[in-house]
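In what follows, structures are represented as structure tokens.
Both of the next two complexes hold chain A, though its partner changes from chain B to chain C.
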Partner chain A sequence: MSPQILIVDDEEPILSAVREYFEPLGYGVDCARELEEAEALLAHVRYALLIADLRLTGSQSAEGLELVRFVRERSPWTRTILLTGFGSLEVETEAMGRGVDAFLQKPQPLARLAAVAEELLRISP
Partner chain B sequence: MTATGNGRLWDRIFEPGALSTVFQPILEIRGGARAVFAVEALTRGPRGTNIERSDILFEYVRRKRGEARVDRLAIAAALQEARALPGLPGLCLNVHASTLEQDRTLPCWLCELAEQSAIPGERLIIEIVEHAPPWSGRNFLDSLDRLRDLGMRIALDDVGLGQSNYRMILDCRPDLLKIDRHFVAGAGRDDDRRAVLESIAGLARRLGGRAVAEGIEDEEDLAASAAAGIDLFQGFLLARPQSGLRMREADEALARETAELPQPL
Partner chain C sequence: MSAETLQALISRSALEWRLTFDALEFPLLLLEMDGSISRMNEAARALAGVTFEEAIHQRLEVLGDGQPWRTVLQLLAQAVASGERAGLQTREEHGRVWDVALSPAAGPDGHHWWVVVIHDVSERVRLEESLRRSETMSAMGALVAGVAHEVRNPLFGISATLDAFESRFKRRTEYRRYLDVLKERVGRLNELMQHLLDYGKPARLELAPAAPRQVMGAAVVACAPLAVRAGIELVLDVPSELPPLLLDRNRVVQIFQNLLENSIQHSPAGGRVTFRAEPTEDGTAMRFTVEDGGPGFRPEDLGRAFEPFFTRRRGGTGLGLSIVQRMAEQHGGEVAAANRPQGGALMTVTLPLSPGAPGAGGLNPDGWRGRMDGRNSERPKEEERPASPRDGPPP
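For the complex of A and B:
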């Protein structure tokens, strides 16, 4: 059975690009655009991997951190990658403290994202 | 942004016809006799979205804190669809406990809507679902009393899990205790699960209600549930959820077959 991935971003072109890249690699891909939608999916679907943008509603938001916390509490088998175009050491430290598996700056080549995803799923418990 | 937000997905829920309803029978089985005791209305979210599935839809709605608004919408859709169901016995309508706490006019609204749909209140079973306290405010208990005064019965969903606990049972005094599938699945091969089923079935009887075993998916679990003293069952083994149209077609086909049978002299 193909690993199921959830991608969360508020930008439709990014969702489409990541989906189109990952599906031919053999992943099942779901896309969500907001925090509550992603949490509802994570509560009822077993995802191998979550790829989430840090900010979903504006320049001061940090829903990605909320999702990492949610996954650690409710879906501990799910690996997590957090993406951000506004990275800072502070945010990265907080994400690591919440248990994120990988923290990547945007923009990031899709091939690099796929390589990180593959590595995480390879060592997945 | 408010708690209920204005996201595009949220708005789609409120587009005309976005919510649809399917019905899953609850069967009463005693000895060899089977009869439909009630049907549960199950709401589907907007087609082609991530929230089409009922469990994901309501998880999303709860996270948006929009239970009261969407419960009304789902009930209206269910009653609209159910009005044409043949020989409707009982109709289970899911309502969040928090909705009954917040929405004090819901019992009267529901009664009026049922009348418009030509469904007597006595046929309605209000199935309480809850996932977060507080539920037991004065309004919640008053709403239960009003629903009962209007002739409706009360069911408690997911008994054994989360907030469907002993306190909730005492608060609701349900006519039906719907045992969560977690305790039913595998009961045929698990003595401990059977003990839980027997315990809840006994409690239901003691309180003047009845237990329903949810999630029946194989004959072993059906037999184990029956042996535990349960005679109401719901699950894929017995009947899958189906649209009102499919239920009507099945009923009409049965009527045609019956009419074609040789009549006794």
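For the complex of A and C:
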């Protein structure tokens, strides 16, 4: 069965581009734009990987961290990648503390995102 | 009171005044109304390099035509014309800043003098300027960082769409040239955003002792692929025994990396870029130099080399050297651009052994917090985090 991925970002072009790129690689891809939508999907679908933007609702938000926490508690089999245009050591440290598996800055070539995803799923328990 | 006692009292009083006068650390002169020197204290004599005998009753010109004496002469002319106090702050071309004041003083017998007081305010002025610059920079930094972050999201939308397009239509060669242009432009925008973020990075440093050779080596390793592509030989010439420096390693690696990249990009293929380090003569700082065999700076560009967005390189952001200057200043250091006599550019970065060390130029007033501000991205260096998928910007 192809691994299921959940992509969470508030920008539609990013969602559709990542979906188009990952599907031919053999992944099943779901998309969500909001925290609640993502949590609902995570509660019902067994995702191998979550790729989430750090901020979904403005420059001060950090829903991505919320999602990582949610995954660690409710969906421990899901690997996590956080993406952010607002990278900082503090946020990265916080994310690592919450158990995120990878932290990448935007923009990022999708080939690299795919390589990180593949690596995480390969070493996945 | 006998004449002898009176004489002794007067001598004693004169001695007390002379001792007091000479104990003042700043230059002080008493001039006759015609401008001839009546008294000058030890600090003034030392500054002018004259003895009491050489100066007394002489005209001011005997002190030479350098600063601050030129300003004293100028103020004297002004004060003679107005009969009032005159003051001025004056700056030597490459050095000290003087506060000079000239005030009228009258004795009980109606005799008049001019009292000249001179203060070296270089350090204060330097700190004030540095503070002003850092205030401007932190305001600008916050703005620039905000803009850069906002741009990165849509930029990712564009680059991701291009990647998806490319993977879907990779066999359609007629799209190739459009894709190449778009991807190259997106790469350039991304580089500009990264530079803006680096430039706008808050001044707070995370200081730790580091061996110069090791920090230089990290920058050389990071630049090696670029050097190979450009056909440039990178030479690291460092004595093995150098004292450690207290520095923010990531930022100093970036300083060196920017200088090396700049030199590589301006060198003709087959050329050589040499990276050296040596302690300064007074032993309080380390001097790092990067030399290349490129065309060097145009004379008219030398003064503008560190200006943000100033570049003559096609595709350059014009921020590389500005970042170098900003980060060097955050360490209490400085950077200079010059041309080598035999051709090519010579970049010199001087960093104090410790940002607070005496003679080191002091630390940028908001430079020391011990903890880096987390609002901006640190650009992780490849050689520091090779094996982890937790990585920074795209290669």
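Couple of notes before you dig in:
Here, the second predicted complex is superposed on the first by the 125 of 125 C-alpha atoms of A that agree within 3 Å, B and C clash if a C-alpha of one lies under 4 Å from a C-alpha of the other, contacts with A are read in each partner's own complex, and residues count from 1 in each chain.
The rule is short, and it goes like this: contacts are C-beta pairs under 8 Å (C-beta built on N, C-alpha and C of every residue); 3 or more make two chains touch, one makes a residue touch a chain.
Since we're looking at a predicted model, the values are computed, not measured.
Taken together through their common chain A, the two structures put chain B and chain C side by side without a clash. Once the two complexes are laid over each other on the shared chain, residue contacts for A:L67 go to neither chain B nor chain C. Taking Cα centres throughout, chain A sits at the apex of an angle toward chain B and chain C that amounts to 150 degrees, reported as a multiple of 10.
In the superposition on chain A, contact is made by A:T57 with chain B only, not with chain C. In the superposed model, A:E39 lies in contact with chain B only, and not with chain C.
Which of chain B and chain C touches more residues of chain A is settled by the count: it is C. By the document's definition of touching, of the two partners only chain B reaches A:D30; chain C does not. Note on the superposed arrangement: chain B and chain C approach each other to a least C-alpha distance of 20 Å. Shared interface residues of chain A, touching chain B in one complex and chain C in the other, do not exist. Residue ranges on chain C touching chain A, taken from their complex, read 146, 149-161, 163-164, 167-168, 186, 190, 372, 374-378, 389-395. Contact residues of chain B toward chain A in the complex are 1, 5, 7-9, 50-51, 53, 55-57, 59-60, 63-64. Only residues 11, 13-14, 16-18, 20-21, 24, 59, 83, 85-93, 96, 101-112, 116, 119-120 of chain A touch chain C when the two sit together in their complex. On chain A, the positions that touch chain B within their shared complex are 30-37, 39-41, 43-45, 57.
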